[in-house]
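Two complexes, one shared chain (chain A), two partners (chain B, chain C).
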Partner chain A sequence: MTTATPPKPALRRFVENLRDAPRRVRDSALRSGKANTDRTRSTFVFDNVFLHVHPVRTHRWSLRWSSTWGLGIASLAAFGVTLVTGVLLMFYYKPHPSAAYDSIKDIVYVVPTGRFIRNIHRWAANVMVVTVLLHMARVFFTASYRAPREFNWLTGMALLAVTLGLSFTGYLLPWDQLAYWAITIGANIAQSPREVTDALGVTPSFDPGGLQKFLLLGSDVVGEEALIRFYLLHVMILPMALAALLAVHFWRIRKDGGLARPADVDQRVIDDTEATYPVFTQAPRKTYQIAALVRGRTAAVGRAPENTLPSMPHLFYAELAAAMLTVAVCVGLALLSDAPLKELANPAVPENPAKAPWYFLGLQELVSYSAFMGGIGIPAIVMVGLSLIPYLDRETAGTGEWFGGPGGGRVVAQAALVGLGAALAVEIFAIRFGWLREWIPDVAQLWITLFNPGTVLAAIYAAYSVWLVRRYDSTRTGALGLFTCFLCGFVLLTVVGTHFRGPNWHFYWSPADWPAH
Partner chain B sequence: MRRNKHLLLWSSLATLALLVTAAAQENVLRPWRRMQHAASVPIDVRLRQVVVPALGAADRCVSCHVGMATGEPTASGDPTLAPHPDVAHDPNTFGCTVCHGGQGRATDADDAHGWVHFWPAPMLPLRNADAGCGSCHTHLAVTHVERLREGQTLVERLDCLACHELDGRGGTTRPRSHVLDGPDLSRVGARGVPQHWYEEHLTQRTTNIDPAWATSFGPISESERATLEEFLASRVGAPKLVAAKSLFHSLGCRGCHRIGGVGGDDGPDLTLVGERDPGRTDFSHVRGEHTLANWFAEHFRAPATIVLGSRMPTLGLSEEEIELLTHYMLSLRRSDLPDAFWPTDRVRAERLGQREFATDGATLYGAFCAACHGTRGQGMRFAGMTPFPAVGSRDFLAIASDDFLRLTIEHGRPGRRMPAWGVMEGGLRPAEISAVIAHLRDLGEGTGCEPDGQPVRWAQGQVELGRTLFAQHCAPCHGKRGQGGEGLALANRALLAAATDTYLFESIRRGRRETTMPAFGASSAVRPTLSDREIESIVTFLRSFEVGP
Partner chain C sequence: MNDAPQSPPSRLDPEAIPRRDFLGRSALWSTAATLAFAAIGMARLPRAAVVSSPSRKFRVRIPETLPDGEPFLPSGRSVALFRDSQGVWAVSLVCTHLGCIVKAQQRGFECPCHGSRFTSSGVVEKGPAPAPLVWHKVTFEGDECIVDEDARVPAGTKVRA
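Coming up: the complex of A and B.
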C-alpha cells in the first residue's frame, strides 16, 4: 500500500458510511459474520449471550426427536408465550375485586384482540402444565436423572412446583365464580393438616393447616387480600423464581454433559453425513474444544467430535421447530376455544360442585376421602419419593434409553395395567360401597386418615413396586413400576374428578345427568 | 435437519395464518361493525358506549343500536339502528342496562342481551320492558284492581280521551294544532296531578271562546273526581307495571309472600325475585324456553308441577292475568343507586315509610287477606288444607267485636295458618289494621257488633255436661280434643284468649250461615235444639282447653 489514495471528500465518505451502515450494524452485532464455516458456527454460539448456554456441537443422539420429543423446549416456549401474552394482559387487568371482573370483560369485548390474547395465555398455561409433566415423564422413562444429573432432576421438580403455582395463582385473577370457588377449594386443601390436628385435639395450639391457608389467602376467606397476593405471585414472584430456576436448569444440562445417552451410543448412531452440513469446510486456524471441563464421562471429553454436529444450525432448527410447533398449538387452541369466564364471584352462592383447577382434581378426588392424605400426605410422599429416585437408583443399565433398565417396556406396560386397574378397582369400590364413615358412622377420623382409598391405592402401588425390586433385583425396575403406577393413578383420578363428579362430589356418568340447581 | 426445517416452516406459517385469522375476526369482522356499515346513512364506524360511572354502567349497546345514542344520525334500514322510543329517562344519562338488564360491556348480540350461560341478568323481554322500572322505582299507593278499573271506566265515560292522550290512546282524533289538544296524561302521576285542574277546567269552560269547551267539559261529582285523581296518580308512564302490581295486590298474594318486609311467611320472600339468575333456576319441569319470564308464567299455571312439593294452590288465572303477574315478578328487583339517583318514590318508600300499596281497607284486604278468606270474605277451600274461615259472614261479624278482630289480626292464630300481622310480624300498622276491620264490616254489609254489656268471661255452666255435649255435637267436626278437622281447631289458646264468652256462646247458638257450622240454638229436624244452659256448659267446657291439653 504505497500509493496513497487521494483523500475522499468528507461528504462522499459520509455517504459511503451511510450506505454501509446496515452491513456494519449486522457485523457488529454478530461479531463473527455469517455462520457458514465450522469456526463461525462455533463463534455464533458462544459469542451470543442467548445461545452460549448451548454447546457448540451436539451429539447426534440428542438431536433425534425420539430422544426428547422436544418437551423441554415446548415447556419453555409455552412459558415464553404466557410471558408475552401475560404482559399484554397486564396493561388492562386491574387486580381489585371491584374492578377485576369488569376489566376481564373489557379485555374480552373491547380491547383489540384482547379475547384472543387471553385465550392464548390460558391455553399456553395449560399446555405448559402438560408439557412439563410429560417432560418429567420423559426424563424418568429414559433414566436421564441418573448421576451426574441428579440435581437437575431436583431443579426440574422445583420447576414443576412453580409451574403449578403459576397456573394456580392465575386461576383466581378473573374473579368469577369458577375462579373464586376453585381457589376456595385449593385453599381448603392447603388447610387439610387440620384433619389430623383436629383429630389429635391440638389445633388451638398447633395449626399448620390454618397457617398455610392464611399465608395463601392473607385472610380467612378469598377476598381482596388473596387477589392482590395471587396477582403479585403470578406476575412477579413466581415468574422470577421460574426464570432463576430455568437458568440453573439449562446451565446444569450443559455442565452435566448434555442430554443423557446410552454408554454405547456411538455404536448405535448411524452416520448419515449426507443429510448434515459438512464438517470442517475450511482448515481451522485453531482447534475448538469444548469450552469448559465437565464432570464425569461425557461423549465430548477426550474424544474427537465424530458423532457430533454443529449446534448451529442443527440443534437450533430442532429447538426452533419444537418451539414454533408449541406456539402454533397454543394459538390454534386459542382460536378454537374461549377461556371460560363465569358470573362475577359471589361469596354467598357456592358453586356446586366447586372444582379446583384440573391438574388438582386428582388430589381433590383423594381429598374427598381424606383431606389430609389427599391434600398433604400423599402429595408429600410422592414428592419425597420422586426427589429420592436419582439417589436411590445408582444403576447404569439403560441410561438414555426409553424404558431403560431391567424389565424395560414390559414392566412399564404391566405397571400401567396394575396402576390403572388398582385405581379403577379402588374407585369403583369406594363409589359403589362407600367407605368407613358409611359403615361405622362414629369411627374416629384418624382411622379414615390412615385407611382411605388414597392410602390403600398408595399401599398397593408400593407393594407392587417392592415385589418388582425383588423380582428383577433392581431398584430401577421398582422405580419404573412405581412411577408408572402413580402416573396412571394420577391420570385416572384426574379424569374421575373432572368428568364423573357432580354436585356434592357424587358420582355421575356425565355432567348432563347432574340434577338441576 | 430437513424435517426440522419443514416443521419450523409449516408451524411458523400456521401460526401466522392463525394470527391473521384471529386479528381479522377480532377487529374487522365484529358484528357491530357490519351493523354500522349497513346503515343507510353513512356513519362513523367505531365502538360507541354510554358510560355512567355513578351507576357503574359502561353500556356498549349503542354500538349496534347507534340511533339510541344522542347526536347520532337516524339511519333507516335495520330496525336495530332506530332511535330509542320517547321515554322519561335519557339513555345517555342513565345507560341502558340499568333499566333493561343485559350485559352492557359485551359487544356480541347474544352476550350483550345476556342470552348466554353465566350472565345472571339477561335482558328483560321487550313486552316486559317497564318491569325494569322496578330496579329503581317503587310505584306508591297502588290500588285495588277494581278501583283502577273504575278510574279507567270513568276516563272513558267522561271522554277525557277526546282531548288528552293517555297510555298511547286518545287525543289524536283531531289535528294536533287544535286549541283543545290537551296535554298527554300518560305520565301525569309521576310529578303529581295538578292540584287545581278541576277549577281550571271549569274556568276555561266559562271563559274560553272556543264553543267546544262548553260541550266537552261538564261538572264532575266529588267522588268521581277522587276516583279520577287516584287513577291519574297511577299514570306514571308504566301502565302495564301498575296494572300488574294492582292485580298482585288484589289476589291476596302478600298473605303468604313477603315483599320489602311486609307480608306473610308461608311462601318465599319475593322482594328480589325478579333478579333471580336463570342459570341457577330449576327449569327441569318447565316447558318452553328457559327464561325467567317463562318460568314464572309456567309456575302460575300450575305451581306444584314446577316446584315439586310447593303448597301454593293453582289459582286458575286467565292468560292475561298470568302475563301481568309474571310482569310484576320481573319488576321485583332493586339496583344499588348513589343517593343522587334515588327517585322520590323510592325515597318515600324506603326512607319515609310510605306504603307502595294504598292503605284503604279494600286494597289492604285484597293484598293481604283475599287469597285465603276470599275476595268477598266468603272463605276458601284448597285441596289438602283445612278450610279458611268466612270472615265476611254476617253471623260472624255480628258477634265479633272490633277488639276481637284486632287481636286476631295483630297476633294471628299460633298453631294455625293465620299469621300475625302486627308491625313486628306481618308488618301492618295499627291504622291499617283498623282499615281492614272497617272493610270487613263493609263486606258484612255494615254488620256491627253491639256491645252486650257482659263481662268477658261469664259462663258458669257444668263442665261435665259440656264435655258430653261437645263429644256429641261438636267433636265430629272440631275433633275429639278440639284439634280441628272440617271445623276449625277450638283447642287454640290464642283463639280462646281473644274470644269472649258471648262470642263463643253466640257462635254456637246462631251458627254461621253459608258455612257448615249449624245454629244449635235454632230448632231443627235433624238434631235436638240446645238450650242456653247447655250452650253455656259447652262454653265452660271449651274454657278448659285453655288450662291444659
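Coming up: the complex of A and C.
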C-alpha cells in the first residue's frame, strides 16, 4: 500500500462538490448520456419512465409513414393540447349559470391570450375526434385488430366513447344558446328509451330513459345541477378515465408485439441499414439474444432483430414529428377561426336550427326520424358490432396490409359506392316523400321506431355485407364492406346535417337560402 | 367424537381450510364487500331527494279580446292558452321529441329543431315527435287562470270560470 495522500480540508471538498453539483444533478437525472451507440440508445429508452413503454428497437415496417400515418400519436398530441389549454381555461371559468357565460366572455375579450387559448382548445378537441376516428379506420382497414390485439381494439372503442363524451360535456360549458339547446336535445335523447317504454305502456314501472336523463341533469331541466355535472365530467371524471384507458392501450401495444405486420414482412423489407443512418453515428453491429424468460407474444421472443432500427432516434423523431404537426394544425386553425359564442342561454327560445357538434350531426339527422333509434338504438348496435369485429373475424389473410383480406381494395371501393348510394337514396326519399306519419296520420309510434330511414339504411348495409360474406366466403370481406358502408353513411349524413339542414330542420341547398328570422 | 386418542393439533396436520387460505379469503371478501357497499352508497349520491328546480305554477289573465282558437302565449312560459265557448285550456310548447320549444304558426305549432308539426290541440301531423303535446292543468281564481306546468291533464280537458 502506498502512503495515503493527506485528505483535503473539508471546506475545500465542499467548494469542489458545490462547483460540480450542476453536472452531478444532470448526470444523476440522465444516466445514459448521449444516445450514440446501440447500448446508450437502448438505455435512453428503458432508463426513462416516459419512454420505456416503447421497445428499444422498432421494426422497419412500423416506421413507414403509410403503416399508421401517425394517427395514434396525433390523437395523443391533440389530447395533450386540450389538457394544457383546458387547465389554463379553468383559471377563469366559473361553472354556474349566473357566471359561466360572463366568464367565457371574459376569457374571450378580457384575458390576455384567452381567446387564442380557447380557440386552440376547441380546435384540438375537434382534431382529436377526427384523428381518433381516422385511427380507428386505419386499424380496421389494416386488419390490425386481429389476435393478439383484440382487447386493444376494445380499449380503443372505450377511448372513442370517452373522447366523444369529453366533446359533448364541453359543449354545455359556455352556457350560450348553442350549448343550452344542444344539451337539452342530448338529455332528451338520453330519455328517448321512453319512446319504446311509452309504446309498450310500461313507463310508470320501468323508465330507464327518465333515469338516464335525471342522472345526467341532476334535475328535470338543464340548470345549475346539469352545468356542475357536465363540468365535473369534463374536467375530472372523463379525463381520468381517458388517462387510465390510454395507459392500458399503450402498454397493450407493446405487450401485443408492437404494430401488426404481414406474416412475410421480413422477406419484403430490404435491409438498407446503411442508408437510414445519414445523420446519426453508425452504431457497431451487434447480434442480440433475448433471454427466454418471457412467455407468450412479447415483442422480440423468437425473432431476430433483423429489420429493426433503434427506437432512438428513428421512432421518437417520427413520433415527435407527428405530434408537432398536430400541434401546428391546432394552432393554425385557432388563428384562422374563432370558437363560436352565441347569445346567453334562453330556455324560452330555441336556437333555430339547434345543431349539435358537427360529428353528432349525422346522428341528429337520424334522430330527426326517430329519437330512440337515431340517438341510442343505432349507435348502440354500431358500437356492439364494432366491438365484436376482432372476435368474429378469425382469419389471417391480409393482416397488417391496407385493405387486406379477400376482395381487398375492390370491395372497399364497391362498398363505398353502395354506402354512399344507399344513404343518398334513403335521404332523398325521406326528404322528398316524407315518412310513415305523413302517409298514415295515426300510425303507432312503435312502427316508426322500428321502421325509419335509419333502420332501413342499417338493414341495407347489413344485407349487403351478408351477401359479401357469402360471395367471398370470408367474414373479413363482410366486415370490410360493413365498416366502409357505415363510414360512408356517417360521412354523408354528417354532411347533410351540417350543410343541408336549416331552420325547422328543413332541407336547404345552402345556408345562404335560410329565411331570415 | 373419534375413538382414537386425540393428539394436540400440530401445525403440520392438514387443516380443512388452511389458515393462510382463510386469512387470504377473508381479506379478499372483506375488500370486495367494502367496495360493493361503497359503490352502492356512491350510486345513491347522484339522485338528490329534493330537486332544485322551481315550481312551474303561474298566474295569468287571458285578454278579453282573444279570438276562438287563437293561442295566447304568456311571456317567459312554454305554454299556449286557448279559449272557446267550452272553456279554457293550456297546451305545453315543449316538443315531445327532444324538448325544444315549438313555435305557434298560422294553424298549430311547428318545432324548430327537427320539424315536427302539431295541430293547435297538440296532435302530431308530421315529423319525429312520438306523442301529442301535453295539456296542462288550468284552474280559475276569480278572472285569473292558474296554470301548472308540472301537472298534466288528459287532452280535451277544458275548464270554465
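Methods note: the second predicted complex is superposed on the first by the 472 of 517 C-alpha atoms of A that agree within 3 Å, B and C clash if a C-alpha of one lies under 4 Å from a C-alpha of the other, contacts with A are read in each partner's own complex, and residues count from 1 in each chain.
Definition applied: contacts are C-beta pairs under 8 Å (C-beta built on N, C-alpha and C of every residue); 3 or more make two chains touch, one makes a residue touch a chain.
Owing to the predicted nature of the structure, the values given are computational and were not obtained by experimental measurement.
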### Task
Go through the superposed model and pick first if A:G409 touches only chain B, second if only chain C, both, or neither.
neither
### Query
So, A:V349: does it touch chain B (first), chain C (second), both, or neither?
both
### Message
For A:V331, using the defined touch cut-off, is the partner it touches chain B, chain C, both, or neither? Pick first, second, both or neither.
### Response
first
### Task
Look at A:E438 in the shared chain and tell me whether it touches chain B only, chain C only, both, or neither; answer first, second, both or neither.
second
### Task
For chain A, give the residues common to its interface with chain B and its interface with chain C.
349
### Message
Touching residues of chain B toward chain A in the complex: what are they?
### Response
1-5, 7-8, 11-12, 14-15, 18-19, 21-23, 25-27, 47, 58, 60, 103, 105-108, 111, 117-120, 277, 279-284
### Query
Quick one: in the complex, what on chain A touches chain B?
65, 102, 105-106, 109-110, 112-116, 176-177, 275-277, 313-314, 317-318, 320-321, 324-325, 327-328, 331-332, 334-335, 341-344, 349, 515-517
### Task
State the interface residues of chain A toward chain C in the complex, per the touch definition above.
181, 184-185, 187-189, 192, 195, 198-199, 214-215, 218-221, 223-225, 229, 347-354, 364, 367-371, 434, 437-438, 441, 445, 448-449, 503-506
### Query
Which chain C residues qualify as touching chain A in the complex?
46-48, 51-53, 75-78, 97-101, 110-115, 124-128, 130-131
